[in-house]
Each structure stands twice: as structure tokens, then as C-alpha cells.
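In the two assemblies presented below, chain A is common to both, partnered first by chain B and then by chain C.
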Partner chain A sequence: MSGIGTGYDLSATTYSPDGKIFQTEYAQKAVDNSSTVLGLRCKDGVVLASEKLVLSKLLVEGSNRRIHNIDRHVGVAVAGLAPDGRMVANRAWDEAASYKRVYGEPIPGHVLCERLGSYVHMFNLYWSLRPYGATMLVAVYDKNGPALYAVDPSGSSMRYFGTAVGKGRQAAKNEIEKLKLADMSCREAVAEAVKILHKVNDEEGKKFELEVSWICDESGKQHQRVPADLLAEAERQAKAALEDSDMDD
Partner chain B sequence: MDVSRGASHAEAAPSTGTTIVACTYKGGVVLGADGRVSIGNYITNRASNKIAPLAEYIFLCRSGSAPDTQIISDNVRHYLDQISAESGEEPTVEMAANLVRLINYNNKDHLVGAMLVVGWDRHGGGQVYGAPIGGTLSKEKWAIDGSGSTYIWGYCDSEFKDDMTREEAEHWVMEAIALAMTRDASSGGVIRLVTLDGRGAHHTYISGDKVPQFVGDLPFPAGASPAPFGAPAAQQQQQQAAEAGMVIG
Partner chain C sequence: MLPRPTTHSKALGPGVAGPELAVATSAILDRPPQPSAHLPLSGAQPCFVDPSALADPRQHTKYPYVTGTSVLAIKYKDGVLIGCDTLGAYGSTKRYKSTQRLYQVNSKCVVAAGGEISDFQHIQTLLDELTTDDYRTDDGIELTPQEIYSYLCRVMYNRRNKFDPLWNSLVVGGVQEEGGPFLGMVGMIGTHYTDSHVTTGFANQLARPLFRERQRDDMEEEEALKLMYDSLKVCYYRDKVSMNKFQIAKVTKEGGVSISEPFALDMRWDYKLFAAPTQWAVGAW
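Coming up: the complex of A and B.
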């Protein structure tokens, strides 16, 4: 790994001869090496799911949050450096709060994500700052309907039907492409998301937790954790599906 | 000039002592205003336009201090322009109303502006918001403000109906303003109406000689026209007066 950008990778204000900014690429690596996070945009809402490796038995279950509420109608899942993600999530909260104070309505998803993209991009412009090592998957349900966005360390903000980031993103994206998301309800998508996370998890023996949230008609268009019983049922189905495929092997 | 007698124009600021009226109907909104601007007993403008456009389908009815409400309307038009450039969407009526309200509230020690924010957007249809002095904001089915409004609360309360047709709504607004102009010295001149139904903004100008006259026991003045939207009682009354050959010298 070392020596790739030798000489051109010391600051975010230096281009390499082939037109890359290595600091931004290295920030992207921080995201690529983190545990998998995925988002699915269905016909009635958006589901966010994050895999969390449990690093110690001493950790209280459910701690080390990776999914944050930004406003009632917006939720954000963080992949990469968790503290970096928290800073960006706080900025999103600030933007949403000030927009509502001035304009009286919940911030539209595309406005929030453009602003977030501009904010993250700023950290790629100056020698004295380092880029954020986090990608934000933003789930929003505003007056234009449900939408899923991804804001990455370079500051680009894109809208997706479904996407995954982190270690298992390739395998997860392959699975997501097989789904017919436009016909699926969020309830069904929760089960699919959990199944995919279990499938692409390759840390043998290491315990992991799932943090799954949704924002849909069923949740009253508010971003919240998926109900415990639905999550438990989805986990059960996922484990059963894995055993089936193991038996096939 | 003897200042001790002329207390009403001690500050010599023009006032839109006014009547402004707006109401929703089945399919849209109608808004209207009189045309009189006065400094004390001097009418500086007898055909002013108190209806300011804030966006393509959002209008501000102004009453109170003329310069204060003009500045507010200019600022809000600018802010709405900016946010619609950022979001790529038409602003909503609620956004415009909130901006007007914030300016009123944050500058309540200095401003005297009682306004109605009325418009049409594709999310909420036709909407009427009252934004009186001090910084309240209230969404209503109909609203009135200005010095002349005090005389027509009874008329508005008793004659307003839900789900009126466009013609009924235009007649209600016009008649309310005409009645106020009859009794309020600070309201008069002309009536301006704007109707918004999602297909466009339809402007109506009713010149002074066409404004319906409510003369009570007095004989109907010769040469005055019946109400433009065809209130049958007024037409009948005028015909009777003409037949009786009544003339005011």
C-alpha cells in the first residue's frame, strides 16, 4: 500500500500527475475498510442497515450508534470513521434545523444532501484540514416522497435506488441488484437487508450486531429504529436462509 | 400647520390604512385589496397596488406602514428567489409566509406591517396565511386585515362558505372590500383582485366608478354601475332608482 502516491499524497491541495487527489482517495479507503452499511429505497420508504462488529464483551448492547436522526423525516447511517461521521451528521442536523426555522417546512432531501456535499467537499480544498473519512447514507421522506442519497468523502452527493458501502459492498451491491425495490414494501426490504448483511459478513467467529432503521408510511413518515419484533423475525429468516445455502454447498 | 390638532400625521409617514381580504375556494384562492394610501386626511395615492408578487403564484397583501411592508416584500421576494434557485423547485406558500412572519417577529420593535400571504402551490393547493403585527402566523380558510377590516368581520363571518365556486369567492372578496370602503375613511379608491387556481394568476381591476355602492336609505347615485360580479339585489335596487328618476345633484 505504501508508495502508491509517493510525494503527491502529503496534502489535499496537491494533484498527482494523473489527476488524483490522494488524500481524498485515502479517506475513501477508510470507508472501504469499515463494516458494511446499506440502504434500500422501496416503494413506500427507505431502509438503512448497518453491520456493527462487537469489539468487546464489555460493550453494552446497542451502543456505538452508527445510525442517527437528523430531523423527524431524515435519518443518516455512517460508514467509515465513526467520529468523523458524527461530525457530518451534526452538520446535517444544523442545516435541517436552520432550514426549518427560516422556511417553516422540513428540509427537502436534495437540498440537504447538496449542502452536505458542499460541506464535506470543503475539507478536500485546504492544506490545513483533512477530508472526512466517512460516507453518509441519507434516508429522507419529504414532500416529494422517499429518497436515498450517499455523500462520500470527496463531497459528491448521489441519489440511489439501493447502495452499499464498506467491506462487503461489492457482494452486497450484487445482491441488491437482484431485488425489485420499486415493488417492495419497507417491511419486506428489512428482511432482505438483514439477509444481505448476514450473507456478506465474512468475519468468521466474530460477533456482530445489526442496526436497522426505516422511514416509511408504516412508520408515520418518521425515521426510527425498526420494531424489535420485525428485526428479530428478519434475523431468524436470514439465519435460516444461510443454513439452507450452506446445506446446498 | 398646527401640530397639536393634527396628531394623526405628526410623523408624516404614508399609511396603507387599508382593507385586504383573501379566501380559499374549491380549487384555489382569491385575494383583494383597496387602493387608498393616505397621510392623515391627504390621499397621496388613490389607486395604489397593495398586492405585491413574492413568487409566480404567491402574493402579499400589504397593510400598515407602506415603506415597512414594501421592504418586507422586497426582502422576502429575494429570499424566495434564492431558495428556489438552490432547490430547483417552486417555493411553497408556507415558506413565503414563514419568511414574512420571521421578519415581523425579529423586528417587532421597529416594524408595523399587517399582511396576508396568499398563494397556490402544488403540494397544498390554495392557501391563506395571516401575518399580523408582532410576528404571529396563522393558516386560515379566509383572512382580512387593515383598518377597514374592522367593519366587515360580521359580513365575512356570516357570508363565508366552505367550497365556494370561483365566482362566489370573487364576489365575497369584492363585496367585503366594497363594504369596508364605505365605512372606513382610510380605505377607498379602487379594488384589485387576484385569483389563483393552479392554472395561472388572473388579475382583476375594478375602477372607482365600478365599485359597488352601499348607500342604505340614500337614493342610488345616477351613473354608478351595478356590482361587476352580478349581485342581483344591487342591480334590482339600481333599476328601481333609475325608474323613479332619482338624481343626486
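Coming up: the complex of A and C.
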């Protein structure tokens, strides 16, 4: 089967003539084909929101978690292959625990993401390993304030005000650019995030569940799932906003 | 007096104890090092390399330095009360007067310690790692007091087996889902038991008689607090290394854990019998 990178895409140790490593690109594609995950850094914290397509009616509601607690002050949302994301999240947990044991302090965000980036990058170096097919959106609230990072399959970790990955990322990023995140509180951002996910997903038309978490002053600077009542209110607002825009069309 | 062995050296003659038989008893070998000018601890000559420095650099805990005194704990109708003072003593010196010897583990368990404060801080680190692990799995399940008690038993016993104990007497108190209030004690050699009232240190002798008399599992909170205050008072009256600044932790099913601000109790030192203790004693002169 001849595809884009025929001949140069068999291993992560082969460059193509135009300077790409196709295995890493393909790993990136695995992330791009997964359901949307977005993160918003507001003035008092960070919100992570992930859309989970309901694959089967037999699945227990709330199973197949895509947002993990790493330490009390760090949370991670996974986009892409879920088992790959779990491995990287476990590594993040090990890094956070060992930093705490050695330095006696919770791990700062930039240190954790640098370590995660190096770890993920290692899997792009060897013929015997395949790159992780997962992007991690890392929400941190340390003594330098709230921060949002994204670690992608190539191992690069960047810091963002707001970002989205997955199927609906282009549309979601357009919506995020319209928001004034620096002035928004996390409470408002939860409603915005849910609105964006509903809007982005509405184009697909499939049933889905939302997993939203935050880490902010209101949550005691600890990463946790958004309270059920706040989430329900945000969903209600999002559905109302969608109906309004449908009626306008 | 134990009979001392005698030497059979020809130079000294029969029945004489020579210098090579002057073996120090364990009481002398194990006591805290006495300060002495000019001479190194190991007993070597000055200006020599101290051989103990070349030996195994790992130390074994031999004696505690900064210590907390007794801890008192009782069960009552709604949960448990755990009380202790806020003193970290350096031998006889009342050095650190605001140490908190109560540690909240999670929303239903408190651990309190007497003994070496630094070892207790290490235990707090271990418990914090455990609860952060719980937080990480994020399934709504927390460690129960019984589980924390069992964990601490294993930790203390394993350290004792390495001849390097954590020099603490721990009290674990909390409420369980089924079974109501929980109270247990773990000692520095791994001895452990659970009971309706539990004490460490001097309170074993001073407070326990009061608890036996007055503690019941269905006590009201008022009554339980009164009992706690009376027992803390007795411990302060009779324990040299204690102070009049206490904290009480309350763990209940509805209210969770609350650790009080430090408070003082009214003490009286003008009892006639304290002032003139032998005045009415038989045979006083």
C-alpha cells in the first residue's frame, strides 16, 4: 500500500528526504483522530475539558477516565491512544513523587513538563520503540501561579493560554481565540469550555459524555473534577446557546 | 554486687582482678555520651583518626533528642477525642513550645505521637505519600483508620527489626464506616492494640485510672471533654516535662476532623497540701 511516506516511515530512526520522521507524524495523526480535548488557562486557575464519545450503551457512565490526577496540584488530560496516555500519566506521577521525596516540595510545572517531554522524546529515538500516540494537556497550579502545558508525541512541551487537540481542534482553537482568558475566572471558563465542546461536537452528531476538571483558588488549588452541579449548569447553558444559534441560522 | 572475674596472671598473682578484666557493663556502654574536653567520643587518643568514623556510616537510633510527652485518647458517642500538649522538649529543657503533635491524615483519621518529633515528621511524610496516592486514584475511597493503624504497625515493627526504631508512641484515632469510632496505639517496637481509651507515656499511669472510672463508649461530648480536660490537668500537674498548652482533635462521622487551637487549662498551685505537704502527715516533725 503506497502512502505518503513510503519507504521512509518504517522506523522512528529513519529521516525522510524532506527532513521528517514519519513515525512521529503518524503518532501525531493518532492524536488528531481522537475526540477533542481542550485546556483554558484563566486568571485564577486552569480548566481541562475532554469529550468522550460513548462507544457502547453497555459502558458504565464515568468509566474510561481521560483526565487524571498526578499530584494534588497537577492534573493531566489525555488525547489520543488512551493506554499510551496512561503510561505517560504514570510516569508523570513517578516524577512528581520522586521530586517531592528529594526536594520536599511539590514539583513545579515547568520541571514536570520538561521531564515528561524528555521521556516522550526518548521513544522517538530508538528503532525498537514506537512513539507514544498521546498528547498530554497538563494543568498545574504551583507557587508560580496557574499554567497549562501540552506535551505532544514528538516530545516537545509548550506552554499555552488555551489550546485544543483532537478531531475538533481547529474549530475549538478558533473559538478559544475569541475568549478573553486573562479576565475570566475558572467558573466562567468551565461554562465556555463546555459550550465549545458542544459546538465542536454538534457537527458530528454522536452521543458523548463530558469530563471537565479544574484547578483554581476555588478548588483549594487542588486538581479535581468540576462539581456536578456546576457541570450540569454549564451543560444546560451550552445546550441553550446552541439552540439559540440554530434558531438564528 | 556481682562477683567480678579474677585474673590468673602470674605477674599479678592469684585472686586479683587485673585491668584487662575491667569490662564496662551495658549500663555504661549504652548511656548517652558524656562530654569530655580534648578527647574524641570513641576513646582514641587525641590527634588520631577516630575509628568510628571509618566504620559503617549508617547510624542506628539509640536515643531520642527532641521529644513529645503523653497523648490521651478516648472514644465517645459521636467519635473520638485525642488530646496532647504542644511541647517539644530537649531533654529537660522545654525547648519548642508550639509543636503540633496531632496530624490529620484524611477526613476521618488523626495520628498523634509522643517521643522523637523528627521521627514523627518522617511518619507524617509517609502518611502524606499514602493519602496523595489515594487522591491520585480519585475513586472516592480513602484509607480507613484501621488501615492506617495496620500500616503503621508494620512500619514500626520492621524498623525495630533493623535495630533502628522510629522512637515514637503513636495513637491512631478516627471513625469507620461500619463499626463506629476507632482508637489504636502503636509503640516503637511494634506493640499495638485497640481499645476504648488509649494513652502513651506518663498518661498510662496518670490518666488511665480516670479513664477506667469515667469513660464509656456512649458518653456525650460534654462529658467526654470534661474527662479529657481533667486528665490533661493531671498529666500537667504530675509530669515534669509537660506544659499548660494543649490541643484536642475531635473526629466524628458528621463533622470530620477538627483540631482545636492551642488552649490552656486553669491550674491551681495553692492547694494547702502542696504548700505544706508533710504538715498533717503521721510522724512529721
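Here is the rule we go by: the second predicted complex is superposed on the first by the 243 of 249 C-alpha atoms of A that agree within 3 Å, B and C clash if a C-alpha of one lies under 4 Å from a C-alpha of the other, contacts with A are read in each partner's own complex, and residues count from 1 in each chain.
The rule is short, and it goes like this: contacts are C-beta pairs under 8 Å (C-beta built on N, C-alpha and C of every residue); 3 or more make two chains touch, one makes a residue touch a chain.
Computed from a predicted structure; not experimentally measured.
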item: First, second, both or neither for A:72, with chain B first and chain C second; value: second
item: Touched partner set for A:102, first chain B, second chain C, both or neither; value: first
item: Partner chain(s) touched by A:110 [first = chain B, second = chain C, both, neither]; value: first
item: First (chain B), second (chain C), both or neither touched by A:19; value: neither
item: Contacts of A:143 with chain B and chain C, given as first, second, both or neither; value: first
item: Touching partner for A:93 - first (chain B), second (chain C), both, neither; value: second
item: Chain A residues contacted in one complex by chain B, in the other by chain C; value: 101
item: Residue ranges of chain B in contact with chain A within the complex; value: 79, 83, 86-89, 92, 94-95, 97-99, 101-102, 123, 137
item: Parts of chain A lying in touch with chain C, wherever the complex brings them together; value: 65, 68-72, 93, 97, 100-101, 222, 224-225
item: Residues of chain C defined as touching chain A within the complex; value: 129, 132, 135-138
item: Partner chain B, residues of chain A touching it in the complex; value: 101-105, 108, 110-111, 114, 143
